[in-house]
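Next come two complexes, and both contain subunit A; in the first it sits with subunit B, in the second with subunit C.
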Partner chain A sequence: MAAQAVDGTVAGGGPARDQAALHRRPGGQGPVRRFIGRHWYAWALTAPVVIVTLVLVGYPLVRGVYLSLTDATEANVGRTIGMNVIPSTYEFVGLKNYTAALADPEFLATLGWTVLWTAVCVTLHYGLGLGLAILLNRPLRFRSFYRVLLVLPWAVPAFVSAFIWRYIFSAKYGVLNAMLNAAGLPAVAWLDDPAVAKISVIVVNVWLGVPFMMLAVLGGLQAIPGELYEAASMDGATPWQRFRYITLPGLRPVASTVVLLGTIWTFNQFAVIFLVTGGGPGTSTQILVTNAYRLAFTGIRDYAGSATWGLLILLILSAMTVIYRRALRRTGEAW
Partner chain B sequence: MRRVISAVAAAAALALAVSACGSDDSPKSAAPATSAAPADVTGTVTWWDTSDATNEGPAFKELIADFEAKYPKIKVSYVNVPFGEAQNKFQTAAQAGSGAPDVIRAEVGWVAQFASLGYLAPLDGTPAVDNADDFLPGPASAGKYDGKTYAVPQVTDTLGLLYNKELLAKAGHNEPPKTFDELKQTALDVKSKTGVDGLTLNVDSYFLLPFIYGEGGDLLDIDSKKITVSSAQAVAGVQKVMDLISSSAAPKPTIKDSYVAAETAFKEGKTAMIFNGPWSMSDNLGGKVFKDKPDNLGVAPVPAGSVKAAGPTGGHTYAVYAGSGNLDASYLFVQYMDSAESQAKLAGKLGLLPTRASAYSLPDASGSPVVATWKSVMETAVSRPWIPEQGQLFQPLVEGYQDLVSGKESDVQKVMDGVAQKYQGLLKGWSL
Partner chain C sequence: MTIAAGPAGVGRAKQKGPKGRSTAASIALHGTLAVASLIAVFPVVWLLLTSIKPRNAWDSATVTLFDHPNLGNYAFVLSQTKFLRWLVNTLIVAGATTVIGVLLAASTGYAVSRFRFPGFRSVMWMLLITQMFPVAILIVPLYNLMAGLGLINTFPGLMIAYLTTAVPFCAWMLKGYFDTIPVQIDEAGQVDGLTPFGTFWRLVLPLAKPGLAVAAFYSFITAWAEVAYATTFMTGDESYTLAVGMQSFVSEYRAEWGYMTASAVLIAIPAAVVFLLVQRHLVTGLTAGATKS
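Showing the complex of A and B:
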C-alpha cells in the first residue's frame, strides 16, 4: 500500500521532473535512481530489519564462507592479549577443506545417520501429532486438560527434558532399568550400545517434537469446514474415505510447512544428541551439527574445519528445501 | 586431575545461567606500575575455581578471606566454574577479550595449550613465582612452556587403586593386588565369594593410562616426536582392560556417566575396587560403607603391568590471564594462594597433595592421613607430554575405548590405529 502511494505521487510529479533528473545526471544510474526514488519510503521502513538481518545473519555467513576457505585455527588467527601478540599466519587454501571433508569417511557416515535420524523423527512427529490431533479434535470430556498435558513436553526447556531422559535411561541407576529389573527382565544398555543409543535419542526427540506437530495439525483440522464432512456423510463416505479425501488434503497447507520446519529443526537438533548421549558411545550418535561443534570446541579450535561443516549443512538443507518446494509446486501447492 | 565431567554436567544449565549474568565485573583500568609495593596494590581479582563447589570450595573461600585481610585494598571475586566446562569457557572468553577471569585454576594439561595461544601471562620475575626451588619438579614442569613459566602448581595428584578392605578380606585377600594378573584374580574372588562386583572400570582416557603405562606404552614419545598410541605396548595395555571385562572380573562398564557410576558403586559397597584419585577421598568417605568406618577404605598404587606400575600425573595450577587489568593484584593473589602455608591448609582440610616440598613438613599437611596415604602412591606417577595439543589427545582415545566396550569394534589394534591416525591429524610433523 505504502509503495503504491509513493508510486502515485512520483507519477503525479509528471514527466517534466523525470526529464530534469535525467538532465542533472547525464548517463547516471537512471533506472536505479528512479527505483530508489520511487520506493525510498518502503526502503526506509524496512531498513532497520534489513540492517539487523545483515549484521546478525549476513556477516557471520560471509565470515563463515571466508573461514572455510582458509586454514584458520585458534592458534594462527592474529590477536593481542595483554603483553602477548600473536601474528596472523593463516592462509587461503581454496576448496581444500571441502574436498577433505567430503573424502572423510566420518563425514559420510555422520551424514547417513543424520538423514536417517531426520527421516525417522519427522515421520514419527507428524504421524503421532496427526493421530493425537484427530483424537483431541473430537468432543471429549476434559479435552482442554488433555491438550495442556500433551503440550507440556514442549513447554519444558529442551535441556531440562534431555537431562531427565538421561536419568531415565541411566544404565545402573535409571528408572527404566529399575522397572525392567522389577519385572524380572534384563537391563538394557539404553545409552551404551551403538544401536540402542540411536533408538533412545530418537525416542527423546519424538517425545519433544510431537506437541508442536499436534498443535499445528489441530489448528489445520479446525480450519477444515465442517460442511465438507456433513456432505460426505450424506453421500455415504466411510470414515476412512472422509479422512483420506477431506482431512488429509485439507491439512496440506499446514502439513507442508510444518514438515519442512520439522526437518530443518531435527536435522540441526543439537541439544538432544549433545546432552543425552554426547554423540556416544564412540561417535555412533554424532549428527553433523554436533560433530561440527566437536571440531570447533575441543582443544585448539579448528575454525576452518567447523565452518566447512557448517556450510555443508547449510548447502544440504538449502538443496533439500528447494527440491521440496519444487515437489510441492508440481502437485499444485500454492506456496 | 579431576574427572567429574559427568557429575557436573547436570549443573551445566545453572552454570550457563551464571556465566550469562556473571560477566566481567573487574574494571579494566591500566595496570598499575609494576614497581608498586605490595601493600599499595589495589584492584579486583576475579578467580575461576574449578574445584568441587560443595566439598572443596569452602576451604578456598577461607583462604581468600585471609588474603583479603592481608591486602585490604584488593578484592577477590570468587567464581566456581564446573571443571568440565572451564577449559572451553576460558578459551571463549580469553579469545573474545572480555569476560575472562584474572586468575584461573587450570588443569595441568591445559597450561601449554593456553600459553601457546597467548592467553597466559608469563610469570617469571613476578611475585607469583615465589621460592620456585621449593616446587616439586614434576608438577612444576607442567606450568612451563617454551622455556617460560606460565602457571604455578597448586595441587598434584595421580590415580591409585581404591579398595574396600572388608570385601577384599572376605574374598581371602588381605593385601591389595600388585599386578594386573592379581587384580583380575582378586576381582574374580570377590565376585564369587561375596557376590558383589570385584572391580568397576570407568570408561575414560585418563583412567586407561595406568594400563597403557603398565605395559610400557604411552600416547606419544616426545623426544622422537613419535605417536606411540598404537604401539604393541599400548595395545597390550588396552587388551588387559578388555580381558578384565571379557573374563567378568569387571562387569561391562557403563559408558554414559561412567565416572559417577563407578564412584557410586564403590561408595555403596556394590564394588570392591575402583581406580580414582585423591580428589575423590572426601566423596568416598561420605559414602554408605565408609562413613562410619573410614579405615575400611584402602588406597594402593595402581597395579603393575609387565613393565611397571604407573599412573598419570595430574593436578591443577594457578595461571594469570594475559589480558587482565589487574596483573599486580593477580600475582600477589597467586603468591598467597600457593604459599607453603596455604597448600598445607588445603592439604589438612581437603587432603589435596601439596606441590611444595616444604609444605609436607608443616603440621597441617603432615598430620593428614590422606596426604600420608597418597604420598607413597605419588611415587608411581609419570609425567604426561606437556604440549599444546595435550587437551585434544583424550577425545579420540575415549571414543575408541567406548567403541571397544560397547562392542562396536573388537579389534584393539585396529581401534588404536584409528586413534593414531586422528593424532596425526592433530600433531603436524609427528611420525607414526
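Showing the complex of A and C:
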C-alpha cells in the first residue's frame, strides 16, 4: 500500500514535493540558518524527553554530586520542625567522601561481592538461557508447553517472586528444609549464614532472569538462516563446530544487547536483595545499590555517603558501557 | 519420532537435519526440559498451595502439599486488609506513568530513528545512561525535591520518580520499533503533502501501535513492581502500592505467610496471563534495535 502511494504521487507530485522540501528548509540561505533549518525538526521532536530528563534526572544528579562533596547527614541538613526553621549546617568537604569510600573496607567488600554477583548471575542467565533455547529450538513434542512453563518466572512480578522465595528459604517453615528433613538431612540456614545466603540470592535472581534470556536467544536462533547449518553439515562439520562457528556468531547482535542490559539490571538489582535477605545476615549480601539505600534511609541518614556510593556505581556502570560499546563498534555496530 | 507440537518447529526441523533421534537422546532432551520446567514452576505452585491452606498452616514443622484447602486467606485479604486500596493505588500510579511516559518518549524515539542530527549521539547516550542510574543516586535528591514540593506520600510524587526510568526506556525501545518501519512510508507521506509532524502523527504512529503497546506494557510492569521509591516515598498505609503494602504482611515481628501468599496469587494471576499473551512481542521489542542497527 505504501509502495502504491509512492508510485501514485511521484509522477505528478512536483509541487507537493517542493512543499515538503520547504518544510525541511524554512530558511534556505546562510549556513547557520540552513543548519538550523535542516535540524530544527529533529530537535523539536527530542526536546520533550531531553527537557524532562534534564529536570528529573539532571537536577537530582547535580544535587547528588553536590551532596557527595559535602558532609550532609540527617543531623545537619536544614529542616522545618513546626514553626522553627533550622538552617543547614553541613559543609563542603571536597573529595573526602570519595577517598574515604575507596579506602573503606566495607565499600571494597561490597564492590567485590557486587561484581561477583553480577558476573555469576549474568553468566548463568545467559548460559542457561542459551542452553534451554537450543533445546527448545529443536523439533520436539510439547514444545509450546515447555515454553510456557519456562517463561513463568518472568511473568510473575519480581517482588512477588522475592516474597515466595523468602518463604521457600525460610529456615523453620520453608519447604526446602522440610524436604531435607524428609530425606533425613540436616536443615540448612538458607538466609542466615553469610555464605549460603549469597548462594540463595543468586539462585533467586537466576531463577528470575533466565526466561528473558531464553526468549531473547530463541528469537536470535530463529533468525539464523538454516542453510548455514545445511552447508556446514555437507562439509562435515561436527555439532560442536556448527555451534561454535554458526550459532554463537549468529547470536552476537542479540547477545550483545541482552548481556549489556542484563549486566546493568543485575548490578542495580534492588528488589531481590532488599526483599529476600534485606542485605543480611549482617551486611553480607548487600550489593552497592542496596547499601547506598541503607546509608540514606536507616539509622542517622548519611545523605553524603549515599550520594557518593551512588555516583561511584554510576561511574563504574558508565565506564563499563563505554568499553562495551566501543568493543561492539569495532565489530561494526552503528553508533 | 513425530512432530506434534509447535507448528513453528516443523519448518526448522527440516532445515536442521535428520528428525530421527535416538531414544536415549530423546529421553535426555525431555528429561532436561522437564527438570528445568519443574524448577521454573515449583515456587509458583508452592505459592498457590500455601495460599489455599488455613491461615496458620505454614506455622508447622510438617510440610504437606494439601491441608484443608479453603479460600479463607483470600477472603481475609480482600475484606480485612487494604489490599484493594493498594491495588487501586498501584494501578493509578503505574497507569499514569505509562501514559505520560509513552507519549513523551514516542517523538524522541521517532527522531533518533529517522534523523541524524547534531546531538544525536548525545541523546542516545543520555537514553542509555539514564537507564543505568542506580536508584541510590537519585533517591535522596528526588526525596528532598518532592519534600520541598510537598509531594511526599502523593501519587504525582511517585509517578514523577518513575518517569525518570520510564521515559528513557520507552524512547530506547520505540527507537528500535520505528527502525523496523520502512522510511519509504515517511517519504510517501511527505510526497503526499503531509507536514513532517503530520507524517509522524498520522502515518508512523498508527503503524507503530504494536511497539507503543509493548513499550506501554513494559513501563507499566516496571512501575507496578517497583520497590525502592515506593517504600521511601509512600509513608501512609492509605497510599501504599502493592509492593510496599505486602511487605507489611511479613514484617520482622510477625509473618503472615497465608495472607502474603493469597495476595501474591491475586497479583500474579492477572499479571501472568497478560504477560504470557504479549511476551513474544516483549523480547522482539527490546532486541529489535540491536538487530537492526
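One rule holds for everything that comes next: the second predicted complex is superposed on the first by the 281 of 335 C-alpha atoms of A that agree within 3 Å, B and C clash if a C-alpha of one lies under 4 Å from a C-alpha of the other, contacts with A are read in each partner's own complex, and residues count from 1 in each chain.
The definition used in the following text is that contacts are C-beta pairs under 8 Å (C-beta built on N, C-alpha and C of every residue); 3 or more make two chains touch, one makes a residue touch a chain.
Since we're looking at a predicted model, the values are computed, not measured.
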- So, A:Thr283: does it touch subunit B (first), subunit C (second), both, or neither? first
- Message: Tell me the contact category for A:Tyr173 with respect to subunit B and subunit C: first, second, both or neither.
- Response: both
- Message: Which partner chains sit in contact with A:Val85 here, subunit B, subunit C, both or neither? Use first/second/both/neither.
- Response: first
- Message: Just to be sure I read the superposition right, which of the two partners does A:Phe297 touch: subunit B = first, subunit C = second, or both, or neither?
- Response: both
- Task: Pick one for A:Pro48: touches subunit B only (first), subunit C only (second), both, or neither.
- Result: second
- First, second, both or neither for A:Trp240, with subunit B first and subunit C second: neither
- Message: Taking the superposition on A as described, I'd like to know which of subunit B and subunit C A:Ala75 touches: first, second, both or neither.
- Response: first
- Message: Touch test for A:Asp192: subunit B only (first), subunit C only (second), both, or neither?
- Response: first
- Message: For the three-chain arrangement built by superposition, which of subunit B and subunit C touches the greater number of subunit A residues?
- Response: C
- With the two structures laid over each other on chain A, which partner does A:Val160 touch: subunit B (first), subunit C (second), both, or neither? both
- Task: Would you tell me the residues on subunit A in contact with subunit B in one complex that are also in contact with subunit C in the other?
- Result: 159-160, 163, 166, 170, 172-173, 275, 297
- Query: What residues of subunit C sit close enough to touch subunit A in their complex?
  - Reply: 1-6, 8-10, 12-13, 15-17, 19, 29-30, 32-34, 36-37, 39-41, 43-44, 46-47, 50, 58-63, 104-105, 107-108, 110-112, 114-115, 117-121, 123-124, 126-142, 144-145, 160, 163-164, 167-168, 171, 182, 184-185, 187-188, 190-197, 200, 221, 224-228, 232, 242-243, 246-247, 250, 257, 260-261, 264, 267-268, 271-272, 275-276, 279-280, 282-284, 286-287, 289-291, 293
- Report the residues of subunit A in contact with subunit B in the complex, numbered from low to high. 74-75, 79, 81-86, 159-160, 163, 166, 169-173, 189, 191-194, 275, 277-278, 280-284, 294, 297-301
- Hey, which residues of subunit A end up touching subunit C in the complex? 2-3, 5-6, 9-10, 13, 16-17, 19-20, 23-24, 38-39, 41-43, 45-46, 48-50, 52-53, 56-57, 59-61, 63-64, 67, 128, 132, 135-146, 148-161, 163-168, 170, 172-173, 175, 178-179, 181, 207, 210-212, 215-216, 219-220, 222-223, 226-227, 229-230, 233, 253-254, 256-258, 261, 264, 267-268, 270-271, 274-275, 288-289, 292-293, 296-297, 303, 306-307, 309-311, 313-314, 317-318, 321, 333-335
- Task: Sort out for me which residues of subunit B touch subunit A in the complex.
- Result: 9-10, 12-13, 88, 91, 94-95, 97, 113, 116-122, 252, 254-257, 261, 264-265, 321-324, 327, 388-389, 391-392, 395, 399-400, 402-403, 405-409, 426
